[in-house]
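In the two assemblies presented below, subunit A is common to both, partnered first by subunit B and then by subunit C.
Here is the complex of A and B:
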């Protein structure tokens, strides 16, 4: 099924081929969505500041008795998440060019990679808990900052997986057209945002 | 001279929905910015009464040096909830939610805010959060003041966790309102209304909205961390587990210093509307006032640690924070001088709104001057934690923000209700309030200098005389506020009809009927200039039909 064959929603606002009402509301939504993402960045920044502040509060890092994190595993898991960013990009581009099948394939790949990342994180958490005996509340400021920040990020990924699934179902039901697909744009922005946050978290927890 | 944009049909400005008819959709879960603004106003005033009664509990306790009105622990609960409620449930929602919602879309010639449904959701979080905050009394309210510093807040009763949740919720409401207003002001102004033709109240909201959006989210992080530590034992702030109490202070003040500008910038905007209207003179220094709001908002993010000079902040950090704080006095001074120059040589009408506006300028300036004392490290080391601080922030918050709210209310009440408030009662309200206010808070300056500590239920008997003066004055202030509410209730029924423009003001909201129609404007006007050029013709076109019987705009489809 090609996008072009989807029914265009004709409204009385269309003048000279331009639906001004859609254009203007799209502009508002996009701006509002960017502001939402920005305030979410601030929320992460608050906890990142807390982590860096506690980390530099005098003791060695990682604190005594805490094993080093497994960088290699987290790096592979990061590749999975960054890969999903790429597939999401291609999904949106294919939608814009009317290739519904390619779009659906890339979007499903994104969702699968997102779930794989969450699986990897779950594996990492259980390994830390059962093998290294590191927990959220019981391992001092290390457990507090690591599990809170990566957990917040994991929650955002989980929300993203649900979000993208809803978008997939909506697009199958013809909610979006080749020209009018703000929901898909917003989903893509959100997914890239989750990716970028992970770049920062990976750097500050595993690399420095 | 910029050419006004031509109006192209088919956009949001031509998209009008029919007014909902049921009571619930119209007045309870309304998506109309005017109704939501009035909802914020009523809810905020209810919380003002409750938090004001808590203030009277504090003053009654302090009548005697050895207290005796309530127990010491109850006293701690009372001042903690008094402060929290006044900041988060009264001043911030009234400044942004009430006046921002009602006035700002009218002043930019929009039909509503950008996201009306989100606006409704933001509003309904606010009373819920308020009930949560007051319910903390039932489970042992927080006792560490509105700042809730650890480790004391970690040891508080269960109500401290409820406090975290309540402030988190009202913070989300504030963040969403900030986003909504940012998009509205940036994207939905009437054709021809460039940024430098916006009324100054809109400029003030534009400077406030990013503060609500950015700073409040940082507070949400701090509150979430405190909640997790209290409920699940996740160590962030407890020094025995490696955490840092100073971290809370950084996270808290990174929000709460910008928050003081959330609480005052909209009042600056209101004053900048009221002074030229009643001096019948163009505002002096329009661009300076507008840009100084933005400067204050930006600089407000770089001064938070001046609250922490005595908390063990590294000495090399103290100097930059002190100097940056001094710098904020510059844009604030620019505003105050511009207001004085606006009045200079004007034909001043001393209405109640104008009295409150002038009172605002004087009392806020006094509070600003004591702010300089506290910003400088050497004096702050002496004054920190004394009644001098209490005097300072009540001068800026009551003498500033609350006076601004009263000024704005007297000014815009005719637009909201279609009726005038009683000027006689208004003047009684003003003079009793100013007398009571100064009697309450002026002596706190020298009590603080002499070393009377804040947040204590009993004090040294040598301070008793002035404390009694303060307590009696605070009853006068409360009586003045009672007169204010009597005035509202009487005027709603018997007030004189206001007509569209009782003050002969020039901003857009006064060119349409009072109260405005559901769709605000029959035709969205085109703007040609600043609204402050008294004696010139109005700088708007397309408003001819607003005050006659021309038909309302046709609703767009059924959706």
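Here is the complex of A and C:
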């Protein structure tokens, strides 16, 4: 009995080293991934607009009894995350140009900077909880919105760190080639996405 | 090390890092400016926003932007 093979297992698409199936479906995959990112934008937007509405409903901000956030540390930690966006961009560029060692170096730097950002966020949470006595459940709208939004973003960064680590392992094991590397493109898009969300969160919590 | 010294160190790091990331993002954007393809258009938008993010982080580090809040 013949067993049907999945499209990605079929080899008759490859002509002269060019995988027609990959070329034809690449834009579809990209569109699907962009829809996924857009759904995440909607998720964050809902929480961000709820926060802004609640913030503007009050008489003062931060509410009385709540300490102001540490802008200096947040700016430093933000630069760490934004720097990881730049290294991720150069990781992909080096992959496209066939420089595997530089690609691996930039990707590892991205992962390390992502972990450093998460470490900084953990330090900030600890400081807020134990020194400034700000918590998710005990500090009203301010604590609830701050920890929900930054925690949700931190979760995305943690997922991104795992994602990039998997991409690194896959590329070491030859899953991607110079021509076929949609996974790396998607990983770069995802990492830029978490960077851009942080630009918004940094602005609304620490700057305005 | 006192709290203000740590804050100054963090601000200096934010300014220096912000300048580096801003210029690296701007150069990457310039180099990719004419690249075709849907994914590259998104990369360009994201690089521009990344440069903007680095700029506001360095301005926050330099005390130009900050948590001004809303007075009662």
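Simple rule for what comes next: the second predicted complex is superposed on the first by the 194 of 208 C-alpha atoms of A that agree within 3 Å, B and C clash if a C-alpha of one lies under 4 Å from a C-alpha of the other, contacts with A are read in each partner's own complex, and residues count from 1 in each chain.
As a working rule, contacts are C-beta pairs under 8 Å (C-beta built on N, C-alpha and C of every residue); 3 or more make two chains touch, one makes a residue touch a chain.
Since the model is a prediction, treat every value here as computed from it, not as a measurement.
When the shared chain is aligned, no partner comes close enough to touch A:158: not subunit B, not subunit C. Contact with both subunit B and subunit C is seen for A:27 once the two complexes are overlaid on the shared chain.
Touch criterion not met for A:115: it reaches neither subunit B nor subunit C. Applying the stated contact rule after C-alpha superposition, one finds that A:50 touches subunit B and leaves subunit C untouched.
Contacts of A:188 after superposition on the shared chain: subunit C is touched, whereas subunit B is not.
Of the two partner chains placed by the overlay, only subunit B lies in contact with A:136; subunit C stays clear of it. Once the two complexes are overlaid on the shared chain, A:59 sits against subunit B and subunit C alike. Within the superposed three-chain model, A:175 lies out of touch with both subunit B and subunit C [touch as defined at top]. When the two complexes are overlaid on their common chain A, residue A:36 makes contact with subunit B while staying clear of subunit C.
Under the contact criterion defined above, the residues of subunit A that touch both subunit B in one complex and subunit C in the other are 27, 31, 59. On the subunit B side of its complex with subunit A, the touching residues are 8-12, 14-15, 114-115, 175, 179-180, 182-183, 186-188, 213-214, 217-218, 220-222, 225, 228-229, 232-236, 241-244, 247, 250-251, 254, 556-557. Residues 7-8, 10-11, 13-14, 17-18, 20-21, 24-25, 28, 38-39, 42-43, 46-47, 49-50, 52-54, 56-58, 60-61, 65-72 of subunit C are the ones that touch subunit A when the two sit in their complex. On the subunit A side of its complex with subunit B, the touching residues are 11-15, 18-21, 23-25, 27-28, 31-32, 35-36, 38-40, 42-43, 45-47, 49-50, 53-54, 57, 59, 63, 136-138, 140-141, 143-145, 147-148. Residue ranges of subunit A in contact with subunit C, taken from their complex: 27, 30-31, 34, 55, 58-62, 64, 68-76, 78-80, 82-83, 85-86, 89-90, 93, 185, 188-189, 192-193, 195-196, 198-199, 202-203, 206-208.
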